[in-house]
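Common to both upcoming complexes is chain A, partnered first by chain B, then by chain C.
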Partner chain A sequence: LLDPMADKLAADKHVRYILMAEKKKESFESVVMDHLRMNGAYWGLTTLDLLEKLGSVSVDEVVSWVMTCQHESGGFAGNTGHDPHILYTLSAVQILALFDKLNILDVGKVSNLHKLDIAKLQNEDGSFSGDMWGEVDTRFSYIAICCLSILKCLDKINVDKAVDYIVSCKNLDGGFGCTPGAESHAGQIFCCVGALAITGSLHRVDKDLLGWWLCERQVKSGGLNGRPEKQPDVCYSWWVLSSLIMIDRVHWIDKAKLVKFILDCQDMENGGISDRPDDAVDIFHTYFGVAGLSLLEYPGVKPIDPAYALPVDVINRILLTN
Partner chain B sequence: MDSGETLPLSEQAEWSDVVPLTQDDGPNPVVPIAYKEEFRETMDYFRAIYFSDERSPRALRITEKALRVNSGNYTVMILRCFVECLILVLLSSSTVLKWEFDWKRLVLEELNHDLYGELEFIKSLANDNSKNYQLWHHRRWVAEKLGPDFAWKELDFTRRILSLDAKHYHAWSHRQWALRALGGWETELDYCHELLEADVFNNSAWNQRYYVITRSPSLGGLEAVRGSEVSYTVKAILANPENESSWRYLKALYKDDRESWISDPSVSSVCLSVLSRRDCFHVFALSTLLDLLCDGFRPTSEHRDSVKALANEEPDTNLANLVCTVLCRVDPIRANYWAWRKSKITVAM
Partner chain C sequence: MHGRPRKASNPEDEEASAAKAVKLRVLQSQFMSNHHDKMYNSLFFCYRNLMIGSVSFRLLIICCLLDVLGFWASSYTKEAIELSTKLLEINPEAYTAWNYRKLAVEDTLSRIESDPDLFKSVLDEELRVVESALKQNFKSYGAWHHRKWVLSKGHSSTGNELQLLDKFQRLDSRNFHAWNYRRFVVELTNRSKQDELQYTDDMISRDFSNYSAWHNRSVLLSSLLARNADGFVPNQKIPEEYRFVRDAIFTDEDDQSGWFYHLWLLDQTVNVETPLLTSSWPSHGSRVNLSGSGGLNDSSSKLPSFCSESGSFPLILYFDQDVGGVSSSTVTIDSELKGNEDLVWEPVSNKSSEVSCVWVTRLKYTSTEPQKEYKVKLRIGNSPGIVSSRGCNFSSPYEFVFTAHVHDNVEGSQEGIVSWTDGFSNWDAQSVDLKSLVTFDQLNAHMDLNWRQEAIAEEIDLFRLLSDSKIGKLTLARLLVAEAMISDDAIKGVNYKEILKLYNDLMALDSSHYQYYKDEHTVALLHTVTSSTESLSRHLFQYSDMNNSVCLRLNKLSLSRIASVEKLLFVQMLDLSHNELHSTEGLEAMQLLSYLNLSHNRIRSFSALDSLRHVKQLRVLDVSHNHIGKHSVDTTRYLCSSPLSNSEWTQDEAGRQMPSLATKYWDAYFVLRDLNLKQLDISGNVIAGDEFSSFVTQVVPKLVWLDGQKVRS
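Right after this comes the complex of A and B.
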């Protein structure tokens, strides 16, 4: 059912939804988020910044909590008292970047951070593992490259081999999977294209071929799916869209229809965005919906960098200063 | 389940020497919801065993209990909040149960424990946790240690998961790994067929089919099977011309062999068959014909006529141009893409 009011972004409602979610520590969702609080914080805070409301949270409170999640090794955990993992290290670094607090990372620990947790995770063939147990996935290539790039120490890994491995995961349809031969999937494509973008290797992508595969993700409702014959989901507004932008082919989708799809996924009363119209909202989809609208240049939303998944002004601040 | 297991751990003699460790929430604690007592107690004892690095049979048992109570906890929450969202799983549940699984592997190794039984344990958790990365990773570790004699177990395990969700990305990834590392290629093409019979739109099954014909050590490579695969695919296309996967598969069969692609009559004739039908999805047939033309295919008069019949617009002497015009109209959501294709046409048709 079409909500006649849902032709606008209910920014204030979403801001309130995010701020309330942080406070609702006893809620059901909160317990799930407990384990992955670092990711949840990154999603929520980035959304607030995109809506120009980062000032609504206490910098000191958030940053000090983030730092309680840092381990001796330098890596970050999903929450206080949990084990570190590169997934959370990236989110932590991104959060600190949002607040312009990267300098808070202890210099000694920073060098540990990029020496130990990340660089050591690169394998002989250029791939990356998630941890010492060895699980290989192109997601980890992206996380390593994105994180090290923000910390300005990409030289700690073998970039050429990392790129070669990612390219070995390219399929005939122009897409990428988690390992060589694995099915092309929009999430994996984002990780691979993002990593190639950050390392200046986009010429290794067949942009026309991949661009077509990506624009074929748009279904009649205007939403995007992640693979052929799957349901559309707001989160693909990020994975597919950012990939299209990185390869400069975003004009191949119908932007207006996608905007409408995302707006239809809002909860106009309580705030938040869901995976598809009329489903329950959550922080994750709220972030991807707003980030997608940012890429679509929706008014009132700050521009976001498609490769780093952080606001453009944040990335400029990092990359253009020493 | 014997009655000893229903007693709280604090009342079991076996655990009397262990001091349970409560959760350290750090300086900014998240106020916990009222955890079930069994969950809280299990984790307190698990924590104690973990931090004292005890790798004994009882360590194994408490780890399994921790896995069960945790997975029950997370499953309910994850299902409620994040239904069907694979990408969320990509990021968020990546480390759920990691602590428990990582530790279990250390204990299993220390005890030189029966790993075959471990496969069964993992299977028992899989129903509720099939999208948990740690579970798959743990399974892989066990399977690798058991070796090629047990390849069939991995194929069986993934088959079960795929019977509930035939596009399950983890299951396919694990299956591909198992074939590579442990073998079992011989029946894989038949399995793909089975899945495609059930749902010819299953892109994962088409992808697996391609995986098999290009990597199986017993099939002779892509060119050797091209003929039979083309027949198979053409049949699928004719039955459902709106099937994106089948058209892509067809093209992939001619990887790097442009000459065969444009000269094989099967390819041009399947396009013609579809285009000649009345009420039918023509988009992929049109785009395939466009690709053929741009690669140098010389169209027959039947091809021209079939496209003209679909064109409301002014007939264009350049067939490729005309195909693009039609595509802009019948696939309007991608009008910009088809317009760009048109601008790139260099062939004089």
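Right after this comes the complex of A and C.
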């Protein structure tokens, strides 16, 4: 018996949308997003890989552009000419991982010494700054830990302190915020749970309490919101779902309803996925929609790793082989 | 784009958008060019410093001259800064522009330090730019951080900030950036926590559906309670807070804002911070039969015997929460058994962790002097050192005594195949025997029960009025569990009957969260099964094939998770077949477990069996007819020690010889190689097959039986 959902994902249209979006640089939206092109590239390329279409882009072209964004210190900028920031350094590393080109970071340049500048961003209390200007956020803790784990040099930072800082951001609802005392938010929870997963520290999470908070993010339409009493949004199909998977509580939501919500957010004509049905699509939500479907074992979508946010085969190749 | 409608673009809109785009692009490239000029200048500046002491004296002199003339400073021109203002007002997310402004501000401040008015006006201008950027995008991380950065430079008028925030927070009362900034300003200005608590009162009274305000309230209140601030004592404040949050829940029972706050209050009511010992094996006053390797033929006792090839048996301590610091200095043992002077206690948990609610050590014994009885006495917590992960001391010293009875070393070790299908008969042990096996948890003598019981009783009465709704039923079930925790057995029995019914109702009422209620139902069911010797004995059987070992059979109960393990520490043979389990999390506490049947469950991968790695005694495992290999998503991938979680790096001989299979079957590889299995059943799983079987026999060198076939003798 064929899966009734199997023909409802407009995979080819989404692929075309991603490839087109890359060429369409004159719209206001794409100019506003100019400074985070590195994130955009990661979202687009990972989606292509999940749909088994990574072959349709030129590896050399992408990799050489990525390398134009690297600074002397080792960190990457969101685009050529912008300042380096840890947010874009992770995307750059993930893109290189997708293409199996991480070895490019090992040759020449100061990057090898500084390991992309990340270790220097750790503060005395274990937290991480995003760049030299000192903004502190658990998003940056995740990024540092994820990046260094992919590069197999987590020993460059104080992992125990990093973990303790993340745990200090745990709230009384079981969730995590961006700094101690800050409100729980599904995106932030993904970062904290992901960092704890990568460092083998998930025993520090109150899984039942957090699991209940997360599964109550599912609203009547089947979609997930990011905080209580907020609207559902396709991007939480990733943040909430991956967190629920990492703590083994994903069976607490109705997966079929969520699949339907994501599919309802597709632009069936021009491709792409939006935050909610009938809103304008963008590459960010296209990635989170497809990644969410991957976590829901949707046929035809490659499995994605819930902690590293890269296809399982990519992360297994890096971490499970010598 | 968030919240922007999808529509067919009309030519006029497209034109307008294109024009805007051109304008912004010009602005951005002008800015970038200013930024780069500055960067090259500062690079040159660095270069100049490096040259000091080198041979380029002429160049150095030129540089110094230029420096004196103020050439370097001039690159932050008024025009360039205004350009960055314009850019940020259109696109507050252009982070490089914020960086540029910070460089410019630092540069200016370094030259005008002596002039406080000028100093203030520079920072005022930054605050103004942030404010207009926030009007464009209230969620801009860069803008909020820039404001914090400006204030940390020593801006004097921090008082204005709370007024500005009031304005913003009225417009968007859930904006978490604003709340974070509020906490930052409160700390900077040393505003009192009581005042901030009042602010959450005001926000909630204006609109109770404000989760952010409830969250902040929980943070403030727990801090005030923790430091015993004036008037903040739990027996007064917590009942008050129940009344406060009740209004919110009863106003709109579908609004989640108060749900989590109520659950937090409930937790504060029944759980005390001081760690307690829940149970142990052996338990107080019990008699333990020990023998050497092999089975037993002890007909004098109806009690199961413990046998071990290693000549030692585990001592298990089970606490009500994670603790650290269990050691031979915090737990003293008086024993006639020789060779136990330097006992090492280990947490039963993840390798990297030094805390656990289960601790184990191994006590040595020899069977050279058979039929002898030895008394063992444990004293826990006489000297300080056992501390909960929240930093509270185990403060109620406790001691218990048991007798170890060493038997003959019986010939012939257990090499036969264990069948789970027949050979079971009802166990006719007396309940007095059973009582010595199972310890029942003690109440905390130091706990002030009165106000807690009253508060919960009042809540139960009220939530019965709401028991048509989902949150009404769920809260009632949780309140009944809480009441049972701090009440005697009679109340417990009545409560659990109702709790089971409530969860059944919830499964039908809120089917999206069916499995959540199912799991809670299972917890309640296992609680009921283990609540008395009578109910437990209905599940205990004798297994004739193994010298009448006692087997706990919890099969066919539709269990979906593991619970109440603290009551089952004595179990050596456990049948959990034909349930709905997808993980063995929790079984790690059962340190005596040797035979485990998990067939016909919903195990999806070997990583779901990770907790069994701690069960050193396990020899026979049946995971046939599960879902291993069927799913592409592994929900226990990160609950298992492996290189993915940076908690396992070593490869043994088998892994080195079969690198590609060790990668392909990584979860089986990392879990099975740590289990000392003699018998394993994996048939009826997608993963099963010749390749996997031959892999398993190499990874588990002591395996004798695989899927009913002898693979080694």
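Here is the rule we use: the second predicted complex is superposed on the first by the 302 of 322 C-alpha atoms of A that agree within 3 Å, B and C clash if a C-alpha of one lies under 4 Å from a C-alpha of the other, contacts with A are read in each partner's own complex, and residues count from 1 in each chain.
Heads up, the rule we're going with is that a contact is a pair of C-beta atoms (placed from the backbone, for glycine too) under 8 Å apart; a residue touches a chain by one contact, two chains touch by 3 or more.
Worth saying up front: this structure is predicted, and the values here are computed from it rather than measured.
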Overlaying the two complexes on chain A, which is it for chain B and chain C: clash or fit?
clash
Quick one: classify A:G78 as touching chain B (first), chain C (second), both or neither.
both
One more residue to check, A:L105. First (chain B), second (chain C), both or neither?
neither
Which superposed partner A:V205 touches (first chain B, second chain C, both, neither)
neither
Applying the touch criterion given at the start, work out whether A:L154 contacts chain B, chain C, both or neither, answering first, second, both or neither.
second
Touch check for A:A41: first (chain B), second (chain C), both, or neither?
neither
Partner chain(s) touched by A:H251 [first = chain B, second = chain C, both, neither]:
both
Could you tell me if A:P303 is touching chain B, chain C, both of them or neither one (first, second, both, neither)?
second
Pick one for A:D275: touches chain B only (first), chain C only (second), both, or neither.
both
Partner chain(s) touched by A:V314 [first = chain B, second = chain C, both, neither]
neither
Chain A contact check, chain B vs chain C, more residues touched by chain C
Pick out the stretch of chain C that clashes with chain B after the overlay, from 308-316, 380-388, 416-424 or 470-478.
470-478
Can you list the residues of chain A that meet both chain B and chain C?
26-32, 34-36, 78, 81-83, 85, 133, 135, 171-173, 178-179, 181-185, 211-212, 215-216, 218, 222, 227-230, 233, 251-254, 257, 275, 279-280, 282
Please output the residues of chain A touching chain B within their complex, sorted ascending.
25-32, 34-37, 39, 61, 64-65, 68, 78-83, 85, 87-88, 130, 133, 135, 139, 171-173, 178-179, 181-187, 211-212, 215-216, 218, 220, 222, 226-231, 233, 235-236, 239, 251-254, 257, 275, 279-280, 282, 284-285
Please give the residue numbers of chain B that touch chain A in the complex, ascending.
23-33, 73-74, 77-78, 80-88, 90-96, 98-99, 102, 105, 133, 137, 140-141, 167, 169, 172-173, 176-177, 201-204, 207-208, 210-211, 214-215, 244-245, 248, 251-252, 255, 332-337, 340
Tell me, which parts of chain C touch chain A in their complex?
1-7, 17-18, 20-21, 24-25, 28, 32, 35-36, 91, 93-96, 98-99, 102, 141, 145, 148-149, 174, 176, 179-180, 183, 209, 211-212, 215-216, 218-219, 222, 255-257, 259-260, 263-264, 349-353, 511-516, 519, 582-583, 585, 608, 631-633, 635-639, 641-647, 651, 659, 662-663, 666
Chain C partner contacts - residues on chain A that touch it in the complex
26-32, 34-36, 77-78, 81-83, 85, 131, 133-135, 137, 149, 154, 159, 171-173, 177-179, 181-185, 197-203, 209, 211-213, 215-216, 218, 222, 227-230, 233, 245-248, 250-254, 257, 267, 274-276, 278-282, 295-297, 303, 305-307, 312, 315-316, 319-322
